[in-house]
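Listed after this line are the structures, all set down as structure tokens.
In the two complexes below, chain A is the common chain; its partner is chain B in one and chain C in the other.
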Partner chain A sequence: MLSKKTTLIVIVLLAVLALIAAQCGSATPQTVTVVETVTVIETVEVVKEVEGKTVTVVETVEVVKEVEKEVVVTATPEPKEKVVLRYADKAADLGTMDPHFAAATNDRNLADMIFNGLLRYKPGDGSEIEPDLAEAMPEQEIVDGKQVWTFHLRRGVLCHPSDEVPAYELTSEDVVYSLQKSANPDRSAYAGEYDGMTVEAVDPYTVKITLDNPISPVLFFPKVSDYAGGFIVCKKAIEAMGDEGFKTHPVGTGPFMFESYSAQDKVMLTANENYFRGRPQLDGVEYRYMPELNSRELGLLSGELDVINGAAEGVWVERMNQKEGIRVDVYGVGEVATIHFNTSVEPLDNKLVRQAIAYALDRDEFLALFGEPVAANVYSQVPAQFLAGGLTKKEVDDLGLEYALDRDKAKALLAEAGYPDGFSLKMISSERESYLKNYQSMQAQLAEVGIDIEIEVVDHSSMHKLIRQDVNPIVIYVAWRPNADVYLTRFYHADSIVVTATKPDTNFSHYTGIDDLIEAARIELDADKQVEMWKQAQIQLLDEMISYPLQYQNQVTARNINVDFGHELKSVLALYPQITENTRITK
Partner chain B sequence: MLRIKYLATRLVLAIPTFLAVLTLVFFVIRVIPGDPATAALGDYASKEAVEAMRERMGLNAPLYVQYFKFLGDLLQGDLGKSLITGKSINEQVKEVLPYTLELTLSAVLVGAVIGIPTGIYTAVKRNSPADYLGRVLSLAGLSVPAFYLGILIMLLFALKLDLFPAVGGGDLTDWKDNLSHLFLPSLTLGLIMTASVTRLTRSAMLNVLQEDYVRTARSKGLEERVTILRHALRAALVPIVSIIGIWTANLIADSVLTETVFARPGLGKMLVGAILQRDYTALQSVMVVYTGFIVIVNLATDLLYSIVDPRISH
Partner chain C sequence: MSQIQAQSPVVHPVRLRSQRQRMWHTFLSNRPAIVGLVLVIIVILAAVFADNWFIALPRGEDPTPLITTFDPLKQDARNRLAEPDAEHIMGLDSYGRDTWARILYGARVSLAVGLGSVLLGGVLGTFVGTLAGYIGGKTENIIMRAVDVLMAFPSLIMGLMVLAVLGAGLSKMILAIGIVLSPTFARVAHGATLTIKENDFVNAAIAVGANRMRILRVHILPNILGELIVLGSIWTATAIRVEANLSFIGLGVSPPTPAWGSMIRDGTQHLGYAPWVSIFPGVAILITVLGFNLLGDGLRDVLDPRLQQ
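Moving on, here comes the complex of A and B:
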């Protein structure tokens, strides 16, 4: 038995412990003074010159001020659960996080979150370009026949801290270093885009870019925007860790910072507290690699994922949209599927044969394979829906170049060309549905006019290699290119002919008839004239039936309804919904 | 002593096996069309950019130079660096191997724990409704592909019942999280193994139960439980150990599909990624680990024989 004294001591001790526990468990409200930065409107007097006289006028301006504010806070705030967006990509693994080598969509997505450009495509709308690291859109001037663009950088933009280098302010030195890296073929996959470009630092916040051959803003801005070689890397960080290290430890200025990478599993990004547009609303992004669609779908439905890459099929979109709490976003930019004819081999070297094939094909039949809204027909090589320089259905109709389905006409043209009984062709296709479905549909449709096609299915990577070795008389290619010049140059310029050209690329048709128009449009500074030249080039391509524009295939992502990307999805050049500082998850 | 000598001989014999597999893998993957530089840079990259990348990846060096460099590095315990990401393969294997090992071992556990008792029971209750049911279920188990069963299990346990997470491998440092992520994939793999173990155990037990010594034990009035577990099962264990050994090796291969379906990190997922990206070094390295694992499993199975049945000597 305990004595009364001992009992009393125990009771007192328990009471003290309970009190301490209570103090620890509950938060004590306190009033503290904090300093906040706010933007206020002030009325100021401004001295101006009006018609040669100096006058004082009253104007209202926005002023950024620091104000003191009293707020009530708890002494021990409850730990807040981190809000991390879980994104599942269809890729098997990371390729690289060096933005100048990032070519796969999944790699570009990460680059988009970690880096900035001097300019940027407006989030969710690739048709508009706006300042990013630059304070304003640059002005151009012609000096000694060369074109000079001057950029004034934002001040106070910080490079992310890394193990090797603490956070530091980005200056013109970083911008010059970065664009020079983009121009170096050993350090960039986009070096060709920067030929004839000189970059200089005028002062820490001013960069001058000189082009040997003047080009229009439509062609220049993408080179310095947040796409491909236009991403700006941080010089000190990349020098400290080397190019190899930078691939898996990127350092930029974007809204999210690299945290960790687990091979074949995920990349973790964390919010950049010092982001110049304000701290991101998310605490981080978990970017997962999940090539299996069923797994991504189940992960989303079970609430373990927030956003996933979907299937580019109308049926899938409809089915997922019926699930409670799930929304599917279908948006551009659409990758364009085009049928290219090799004009250097028989019988496709005959214009009548190519036109016969075009008349034998039904765009709507191809379209039905993917279903709206995922896909839509295109009528010119440059998609008019997304880029300046494309031809609309009406324009093509008016010119009589639509090649609407007419199999009798197709047969008549084949007979006229000397192939009344048709002919046979062999070709390979990728195993990917976006390719194989189109090849198989073409095979079935052309059989109607006596053209027999034999298809061998190979894996996607092998297809890319083999078609560049010119094995296919007909190539179906699905691609997005950032402007009309790139589309026309890489698919139809003589310098891009596969195998035989000086810079063999993706001119599968071996066509050389629009080189002059492509080159003239490239240096045309008047935007209207430039667009007109691009259209003329495509009218020629359609008239000669060098290639048959088929359809564009939109991007499809599904998300938990609580995810708000922070912008409307119209057409995204990065081919993903874009996770920015405004993206949030509402509960 | 005899056993140590046997072990040493087997280990020495494993070296030419290793070498043959590695040589085959090294050359076969380079014959497949498509190359890492194109896979890394995508279709947008120009031919010059692809060429520059091939040079950086060391793919322009003569094949025999690449081969001997690979073997030389391997002898020093260096699996090289990923051609695509540049990350150390040793580091990658170290990260993912525990996931594959825990998956394989737990699946073996599920397969043995369910398969052996079911096999014994159906053998003892031969031609009963329970036996027929067991035979039908085990046949179904053998016929269902791992990826399909995985999706069905995910639908039931993760989506409908909301008991376990559907995707991911969980945090290895958090045992609760790790186990909850392990349950469904190991059940998937384990159930497939269960079917095979059940059938083989049943068949082995049926043979043994007809032996004279079992009849003698029963006629002496020995308790049925003791007769079956101590006398009959002991004699039937050799083929059971053998099938478990074979299945352990099989499950490592099956983990390729299971890890992909459940989006778990692991050697299988690493292998798929390496194939898709044409990452030669990663692919070679995964094959090195797989080969090593299979050699070890076979060796362990052989050694277990003599423990289970002391009459077997090496």
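Moving on, here comes the complex of A and C:
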């Protein structure tokens, strides 16, 4: 047994040791006063004799002084905390990170952070295109009737390092490989966009793209911009890991590099230290998959998330904006919801029936389900609010093609068409709100004129598969396309008819009446004439009531006010607020 | 043969009368059971009198709302998610439809599925269970092991599996939940049959040459019916709950038909600012499930032979 005295000494020693350890181990910064010797310049008055007279002059002299100074010290330097932006999307899981197959919004978001294009849509403003991997906007020339675009590449752009290939400089060889991959239907979902295009490397930093049929810059630039097939992949990396491996281990040149993927959980991206526009201000991005809106909302409010994909609901936007420290951004591009009528089946093969349906529908009723500023009405198949070639409300009004709500007229047209008691139709809808709301609203509105619609709700991917098998007499489709030509070609050209066309796409109406106008506009180099042709095509679509344009639905994201995206948010093709090298979190 | 039947405890008239009186007395003195009965009756009345179909349909007219003045399918998107007020006592949903009207009409789906699936599962399970119990041997083994396999799946998972094969819809959901419930009925019927078949009146029936189906129908089934009714009333609550679960995940009836589960799901996105869209259908499910459970407990006290002893 220890004596009382010994015990006391041991306790005191332990206490002293604990205090020392606490001081040494403490990571808490402390302010202490230290004495420093500094040299300062002072002005002094000196008495001198000049030419026999005593005068006082002012001189500057260096004086050595001891000063007290407060400094902040820590016993052990704190490691710098990584600044990682935590973004939660509504998707349940990753689809693919191969940018040439990325069609789902969440996949496009990741591609946008990892890859670049020869050109890019200005961050936060999809209406402007500027150079990206290219040093400047390309010049075009016509050679032997073909259009040649020449790109000069930036020097010193590095592909991200990967397990298989260390970082290396991107050259024209990578660009040629990438655009050829985009044109290959087995290796890209956007191959159709690159028909009639030849890509060749002139030298390591010059790429020449030749088009068999000249097209206007409005149509050409999106093909080589940072969207869909325009993303540039790194040849050596994709060859080393194969196309399948590349889907989950992408290698690009963008501001963020792929770090890890956890299924149905998250993708981790890390800052590209060698990014050619400078190191990103963030150290990384945590991209989480959280399909439940309530979970995302709670995560943002509790501070566990920085940015979340919100609800396309005006009331949600209003409510979240009232929360302290939270801001909701509502921005384009607006995905356009359109009702397509299958003109190859009864009774929709009758123009009077289609027009009757149009008169029975109330755009404002559809719009109210989303609420402003999340959505707004559109009056033509190409949204005039975002793209050249669309028709405004006034234009369709002047032409008498607005089809404003008139259910008496709708009933009269139905009777004239031989359906005075209406008819029944069966169709499927996606479970997604942006689809189901429109389908259910259409169902309720058409019931007013005796048209009975039975809806079966299926999951989103099944809906996409089934409507391409032509199961729906009426298809509501919500989509963004980068220009009028893509909208009109993919939805109304004969080559895009579902099931039966040579390259089946999304022509659900089976309409072939504007093929000539689409093709003529595509090769028209005069921008005004081109726009006029697109408008004429849509006037014909509205007159025949091939499809009924409903509304565009904007993107909605909520963020902690400490998040600064680094650009003004107007419209983003990748359908998220866009996280770039300039995005930062201010504390 | 008639003498042998007279020995059966089920058909003895004097004993029946006194037994019935005792049952009523037991039931009426069980307050929770009375509460359950009242709740179930309220739900049934709401479902039946939601509109005047019983007058309109025979006349070939479209039914019009009765208890409520609102059409459960009528949308008013411009006033969507309006708060409960004197006009719309449970507010409007995300399409601007009256929540109270949809709850009333939704009761039809819940009761149709609850009662329909229990009836289907009860008939199917009872037939299989009594047959296995009475025949015995290898047939019994095969049937009951198959029942064990089916019972190993949780009811919701089993329902999902069946609906994945059949597709969504009211009749398919009744079929799916009926299949889910049938193993439970089969097991109870099997156990009860094993007990009953050893009784003298069954042996006597066999001795006078009654065939198997007659013995099952006349001598065994009436004696196990009490247990099956108790089981049915309790499992009706489960069936309603499973229907709500399946509707919640989008496998229920097609829109715009109101169903409580899908109504809750529609409201989850608006919980923060329009909780009434989800809360009221949730309360409706709570009341109905509670009612059937309390009623089932009361019936068990009355009809279960083990508790009677």
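Basically, the second predicted complex is superposed on the first by the 509 of 587 C-alpha atoms of A that agree within 3 Å, B and C clash if a C-alpha of one lies under 4 Å from a C-alpha of the other, contacts with A are read in each partner's own complex, and residues count from 1 in each chain.
Rule of thumb we're sticking to: contacts are C-beta pairs under 8 Å (C-beta built on N, C-alpha and C of every residue); 3 or more make two chains touch, one makes a residue touch a chain.
Treat the numbers as computed from the prediction; the structure is a model and nothing was measured.
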item: Partner touching more residues of chain A, whether chain B or chain C; value: B
item: Partner chain in contact with A:368 - chain B first, chain C second, else both or neither; value: second
item: First, second, both or neither for A:294, with chain B first and chain C second; value: both
item: Touching partner for A:322 - first (chain B), second (chain C), both, neither; value: neither
item: Which of chain B and chain C A:455 touches, first, second, both or neither; value: second
item: Partner chain(s) touched by A:311 [first = chain B, second = chain C, both, neither]; value: second
item: Which superposed partner A:424 touches (first chain B, second chain C, both, neither); value: neither
item: Partner chain(s) touched by A:443 [first = chain B, second = chain C, both, neither]; value: second
item: Contact residues common to both interfaces of chain A (with chain B and with chain C); value: 294
item: Residues of chain C defined as touching chain A within the complex; value: 73-75, 77-78, 80-81, 94-96, 167-168, 250, 254-256, 268-274
item: Partner chain A, residues of chain B touching it in the complex; value: 32-35, 38-49, 52-53, 56, 82, 84-87, 92, 95-96, 151, 154-155, 158-159, 162, 165-169, 260-263, 265, 269-270, 272-273, 276-278
item: In the complex with chain C, residue positions of chain A that touch it; value: 293-294, 297, 311, 313, 315-316, 319, 364-366, 368-369, 431, 433, 436-437, 440-441, 443-445, 447, 454-457
item: Touching residues (chain side chain A, partner chain B) in the complex; value: 88, 92-96, 101, 103-104, 185-186, 188-192, 228, 244-245, 247-248, 261-265, 288-292, 294-296, 298-299, 301-302, 304-305, 458-459, 461-462, 464-466, 468, 479, 481, 503-506
